[in-house]
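Submitted below is the structure of interest, expressed as structure tokens.
Letters A, B and C mark the chains as written, and numbering starts fresh at 1 in each.
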Amino acid sequence: MAGISAEQLVLEIGKSSELVAAFQMVAEAEMDGEPKFSPQVCRDLAKAIACRTYAKAVLELCHLVRLADTVAGGAGYEIFFWGAGLARAAGFRAQVLDAARRRGGRIPGLVVGDSGVTVSYPDGSFAVTYGRMPFLSALLEFLITTVGYADADALLRGTLRQGLTLKTISQMANELSRLVYDYLKDHLPTAQNQRKFRRLIDFVAGQAGEDFGPMNIDDAAIFEFWCQESAAMPVEGVDFKTFPAVFKAFVRLRQTLACAADYMAIENARVIGFDREAGEVDPDSILGMIETVDDYRSPLAALEEAPADAIKFLNRREVLALTLLFECGEAAFALPLSLLRCEVFGKGQGQLTQALRRRVGADELRMLIAACAPGTYLERNQDFRDIAVHLRRVLLACLHALARNRDRQAINLVMTLGPDMDFSPLGNLLNVGSAGDDGGGGGNVTVLRTATLSDRFLAAIEDDQRVGPEIARLMGEARRAFRGLSRQGFDDLSLKDGQIAKGYAAGAPILVEVGARLSAFLDLLGRLGLPYGNWDRQYAADKIAFSKQFERLYGGLL
Amino acid sequence: MATWNTLSDGRKAAAGQVFDALSTLDALTDFSADSQISRAVGFADLYAYATEPDRPMDERLQRALASDARLRGDLDRLLENTALYRFPRLAAASSGENDRREGDGFTIRLRQSRAEETQTYVIIEVHPGKEAPSTLFIFGAGHPYGKFPLPAAQDGVIQLLSETSSDLVKALLDVHTEVFIR
Amino acid sequence: MTAVRVYVATTDGPSEIQRIADEDPDVRSVVCLNGTSEALPISGGYDAFVRKPTGVVERLFGHPVFRMDVATRISGGHSWQLPVYAAHALRAAGQLAQRGAPATRVIWLTGTVDSDLRVGPVNHVAEKLRHSQPLFRKLRAEGVPVTVFVPKACADQIPTSEAGDGDDGLAGVEVVLVETAYAVCHNLGLSRIGHGVGKGRPRSGGGNRSRAVLTALIVLAVGMIGAVHWRAEVGTWLGSQPPTENRLNGGQTVAVVGPPAVTPVALGGMSTTVPAPGPSADSSLGFRTPDASTVPTTTPGSKSSAPASVAAVAQVASLPDAGMSPEAQHSPRLAAADVQVSAVEWRAPGGRSCAVAGFGSAGPAEMAIGTVVSGRFAVSSANGLCTAGYRAVNKFTAPVRIWLFAAPIGARKHFVATSSALETHVLGPDEATTVELKLPRWINEPVSHRIIVVATAEADGSSFGWLDQGMAAFGTSFDFGRWSDLRRRIQDNGMVLVSAVHEIIPQ
């Protein structure tokens, strides 16, 4: 195979489309040193772009722009979106309520409510909730970044005229959506993605026959595909150079095939305006499937949103270490070796491409090719285990916090953390089974009032005389775990903060899920049948293979 | 689970669309170290420049405006939308230099200092009923975007003192310069 | 030649006023940094301080717009007003030392100045002085005299320095407490400072025919309602002494004679009871005659009981010299010395009572009391004393309008025979006017008379209605607050104000 020039490699590896740059600008927008838009809002925007489900949002945006100008007293809509800090529901709500207060409690043309604002028109009204405003603000930012302020404003300013109706706003929204459509038509990597899809399908079909399913996408197939395609010349922008890109592509293919059952529902849905013969699917249906897939990563995402984000359960390094595992969803359990290859040798390849971008010398490049990876499978395994241990410690700390706040989540957590403990002492504490409790009908009838029982339990939870030595020991562990963590939210003073208390209540079940998935994966890794028997030998064999491939890809540059 | 060949063409196409959406989602949200995307100048930067009196024209913004016609168009429009007033361009028949600009509710005059001949006063008169501006913007062919924070008005008059050779004075004297006040 | 450098006191250190230049009247006054085009934020305040009607500089010095350059930034507040006023006054006198030029004297000031030229208090005086110590030390080493002007209300902010504490404090620096801006000019010897043109005051000096006729009519009117006693045959009238100051430089004490304040109790000859201010009220009227017993003095190295450094003495300077309108600056200006004030007694001859002495041809005998020394006439014996008279003579080369007022101090109601008297005339050169106060029949305790003379070279009386009304209002009830305002206005208008006390003691 002829070597590829360094410039081509750099271009392909480091290629960033204008669309990606525009989205990144929105996602990285800051106000007063903080991200203007929350991670969830950014992800929702990415989904709306990817699934092309922006039309409804554009309509909402047109109404919001009109609302914004009215709130600003006719001074323009810009100040509503760029002049008042972070794009948060509470912030938008405050702007609207302040404006209403300044005008004696009422803004003509608007009905201001607790959860949103209704814009009045001669032929009806349109409501926008405060909770929706951050997303619409991000959409506007994206619109202006891609289409341009001058063009977008020319249309948006039209919505500010007097005497408009719902119908005319709708027409204006359609025009704006058309602008977005025209932009995305030229910038979405649809053609590339479709070529990529084709290549993957052809490969798997070639390996397993046309009757292939998700189960035919395995570690061996992925590795073989990468070895084959990475050294080939890139064709029409399709990049299979890096192992992580290949791994992700196959994961997505697996997930796509796994959704096949849903396609039947899509086919039967009656959606006007979509060309079923051409294979077009209602964008909202696409979004629905994407949301299902995206849901895998939702526990980690939820930890970054309020109220759980008030507490530093996981730091940045720990979140990054778990991201790929969670994004893969069930595919991680089907492709564990590929996941580890991605985490280990994929990182090594990343270092190589960075070094190429920096135009390092031949010696350093040779060293990186030989080293191949910054760590081993066992070391990566250990990273996961360390995080698992940390998760347990954090959960114990949560237990302490929840118990201190008399939050009933503590009870669930006791059960989760100590499923094998002796709970019999609780029977006496809670008087379960005793006759005459709460004035029941006597005899064997016992009426339990859940609230009373929980409160009683929580009140006694650290008293080993009343809850038994095992539960008391667990609570002691929980207390020590809490005191041993020096992260944000893990101190006695913070426990008095209402937001922190809510953070613990929201975070605890998420952490349980995160811990459960990580434990399950670690368990799988522990009993996985590897081609080379154990992780050491597997690493040694993979190192030779990856090193050889890196030599093919980058050795020509030495 | 269904296999590939059991899917109809329509469903295969749908699968392709789902794959496309997932891949695009990945491309948009993968801000890895491999990415070469550096933070470009965006609308938020233009808005801050146009509306915050103390926000200067930094080198990054200047370079971006110099090389991006669309960005310049965006800034022009933003200034127009957020300005208190845009002075009409002076008539082409005017001589090359003009020490006075009249506008609807505002007048800008230039007056050489008697006490220091190398310096010139820029006087902005705010007519009654008009809001006093806090920033003056100038731009034109020979003068890249200039932004000058204005002191508070006293009895409807804002006064700046500048070197006669300064960009501000030269730009205001130039009939081809456009002037916004905000 | 005198060249005075002016420093504005700031908490970041003193800022030299480098230059003041006339600017185009079409622009606003501006304060610039060190000759650059950087206009300081106080420019707006400076413009208001210059421009009429709010400002005082244009009113006093005529031009409406200036450019002032200062060496270092002055960030805000209004304590720069007093030094700026002083700088303008010095500039008008051609004595402001510009940047780079040598100075024979340095002044350092802080304080606000209102439209009546009263100096108001400011904060952080001690801090400003502390940050100026390097400057003071340097000037002391160079032998340049330094005077620090501080509002009187800030006297307690001036730090004391104990000998031997390692801090040289204000050694060698003269500290002057001021209540009015005029006091600064007085200290600087600027008798010919710019003169404010009062409201309605005509710009052109001198009168025309119509004004002369009007003046004559007013004189006649006053003569009809007032008590006019013009005794051309009255003996020698004594003039007042020019004021001097108490200044402590390097430990030396100079004799103290301060200009007394004025407390007219005015009236136009009506025999009404004058409200009786007590002694404390009397002093609050500002009727001070500083002498060695009232002004603290120190010798070098000794501690002062006043809140001042060892080397400084607190002084209250009050009255200015007469001023003139800018347009009259080149013609002779009326001074206190141009108005001679003297006293005379009328006694019953041969031991008779004053009631009898008025009948027949043997009228009371007239005797000159003597000249005013330090604002006082020689003490008179009440025995046989029927009437005390006070005379003002115009010794100026041009007509002078004079208000002559006399009233007992602390007069009680039972002194029904006592009345206050007011005369207002335009006197030609060497012409005189007199007022008389009858004394009570029985005097068993000391009685003091207060004599006030207000004079102006403006012969046209149409712009002094305020003074006529003001002094006439004191006829029925004396209002200390009103007098205070009137006195300020007299000072602001640069009129001559002379006062004296005459004591009459029983046997």
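Basically, contacts are C-beta pairs under 8 Å (C-beta built on N, C-alpha and C of every residue); 3 or more make two chains touch, one makes a residue touch a chain.
Bear in mind that the values here come from a model prediction, so they are computed numbers and not experimental data.
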item	value
Touch-network distance, subunit A to subunit C, counted in steps	2
Chain closest to the middle, measuring from C-alpha centroids that were averaged per chain	B
Subunit A and subunit C: spacing of chain centres that average the CA atoms, whole Å	83
Distance between chain centroids, defined by C-alpha means - subunit A, subunit B (Å)	36
Rounded Å distance between subunit B and subunit C, as computed from the means of their C-alpha atoms	59
Subunit A residues within the subunit B interface of the complex	13-17, 19-21, 23-25, 27-30, 36, 42-43, 46-47, 49-51, 76, 78-79, 82-83, 141, 144-145, 148-150, 153, 157, 188-190, 193-194, 196-197, 201, 204-205, 210-215, 242, 248-249, 252-253, 255-261, 263-264, 266-267, 276-281, 286-287, 289-290, 293-294, 350, 353-354, 357
Subunit A contact footprint on subunit B (complex, rising order)	1-29, 31-37, 39-40, 42-44, 46-47, 51, 70, 73-74, 76-78, 81-82
Subunit C partner contacts - residues on subunit B that touch it in the complex	111-116, 119, 121, 123, 151-152, 154, 157, 159-163, 166
Subunit B-touching residues of subunit C, taken from the complex the two chains share	21-24, 26-28, 30, 32, 35, 37-39, 41, 43-44, 47-48, 66-67
